[in-house]
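Read from first to last, the chains carry the letters A, B and C; within each, the first residue is number 1.
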Amino acid sequence: MSKSSAANASEAAQGTTSASGGGVVVRGDTLTIQTHERIELTDVTDRVVTVVRDSAVAEGIVSLWSMHTTFAVFMNESQKALHADIKRLLESMVDRDADWMHNDPDHSDCDRLNADAHLRAMLLGHSLTLQISGGDLVLGQWQRVLVAELDGPRSRTLRVQVMGIADRTT
Amino acid sequence: MSKSSAANASEAAQGTTSASGGGVVVRGDTLTIQTHERIELTDVTDRVVTVVRDSAVAEGIVSLWSMHTTFAVFMNESQKALHADIKRLLESMVDRDADWMHNDPDHSDCDRLNADAHLRAMLLGHSLTLQISGGDLVLGQWQRVLVAELDGPRSRTLRVQVMGIADRTT
Amino acid sequence: MSKSSAANASEAAQGTTSASGGGVVVRGDTLTIQTHERIELTDVTDRVVTVVRDSAVAEGIVSLWSMHTTFAVFMNESQKALHADIKRLLESMVDRDADWMHNDPDHSDCDRLNADAHLRAMLLGHSLTLQISGGDLVLGQWQRVLVAELDGPRSRTLRVQVMGIADRTT
């Protein structure tokens, strides 16, 4: 059994990308998040809102994509107590020390001992699509965009792609 | 540790929103779902299909977004027996009475005792993106769009944003 | 209690669909995946990349949609050891033989005994939205698009819908 993982040749350019056609705008931006703990939740809502407003899209969608296998993006409430509960749930659902094959040098060439991080990220998700209306991100009262570091601390990238119809009055 | 949760200033306008440019249409609608139990699954497929058809989009996508942290949207089969199994699985994966910090007044200013609901909704997801082709929602034979109330009964909102190329013959 | 599941009248046409307007392109394709085991992960990244490149979209998004309730699509690393760990986790989170009501002929008209497959697919997800930039799929170094057969072996369909602004130089 091969110990290696399929890898991609190159990553998309960092920074802002943009295109437009017939009133439709597509704008991409990258957000860098520096994490400090092995497991850590960060509220990135305000940063996403900024990208949305800068795009001048009035009605459309925004796709959020984690650029990493062990870093997730999802929505929930931003409260320290709830974040402690999320961490506790992830630790109970995926046992860090359960003799995962991904952590076994006889079967895997990855030496980060992070099988748990891959599995927890898989449960949370790497892709989140939100809506834009009236030029702003659509969010319920308590909804915040959260990213979850599962194998930190590291520097992480979240890519934000806005697509929609521009506000012609701007 | 702050007991509070970050809140957003205002919610997107209810009702229908619409924009178009160069043959591309973006149309937003809100569906209201009145739930009757604490945990309850509802099949909203027909209502989503109606929004899609009303949009006159021929080819595109439809983004579904729950406007709540404890109300999820996902796809699976709509069968009473399976829905009972889903409820059972959620209850086994997340113990309602596990001394969650979100339920502890020493650490949280939320008094709904709904930590389990936040965690279960997180596992199911709040965002679902489907496709539109030939003017209709793309669904496999047994696929239905389901919403999951995790902290009911309440009145809930699901926002539907259609984006795509309009059918010029309509 | 009704034993039956809601069914949809017809499925979207197989093959390629396409529309364009004002510089925006929407292109749909279907990928067929033949699975060989009851639980099996397949890396479909290269096939998705081909669809993206063939669409000539420079900046946009690509929606991936599983056409089945017991077949999931998600992103993670493509390594045999990790895939064995994912299988093990799914088996521990959802017990195949736990007297699920969906498998009980007194409550369900489905005779596939696949309640576990429905529940595991629900946890992994049926919808994945990625981004396109510079004419290519945006992926981090180790990120691969994976599909998970949970009730195989069978022939499965994954629908790929690309939407974005075409590269006018092509």
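Here is the rule we go by: a contact is a pair of C-beta atoms (placed from the backbone, for glycine too) under 8 Å apart; a residue touches a chain by one contact, two chains touch by 3 or more.
No experiment lies behind these values; they were computed from the predicted model shown.
A rotation of 120 degrees, rounded to a multiple of 5, brings the CA atoms of chain A into register with those of chain B. For the self-contact between chain A and chain C, the two sides draw on mostly distinct residue numbers; the shared fraction is below half. Averaged C-alpha coordinates put the centre of chain A at 19 Å from the centre of chain C. Contact of a single residue of chain A with at least two other chains is seen at positions 21-24, 61, 93, 123, 125, 129, 163. On the side of chain B, the complex with chain A involves touching residues 1-8, 11-13, 17-24, 26, 28, 61, 63, 65-69, 93-94, 100-102, 104, 107-108, 110, 115, 118-119, 121-123, 125-127, 129, 157, 159, 161, 163. Residue ranges of chain A in contact with chain B, taken from their complex: 21-24, 43, 45, 58-61, 74-82, 84-86, 88-89, 93, 123-125, 128-131, 133-134, 136, 138-144, 163-166, 168.
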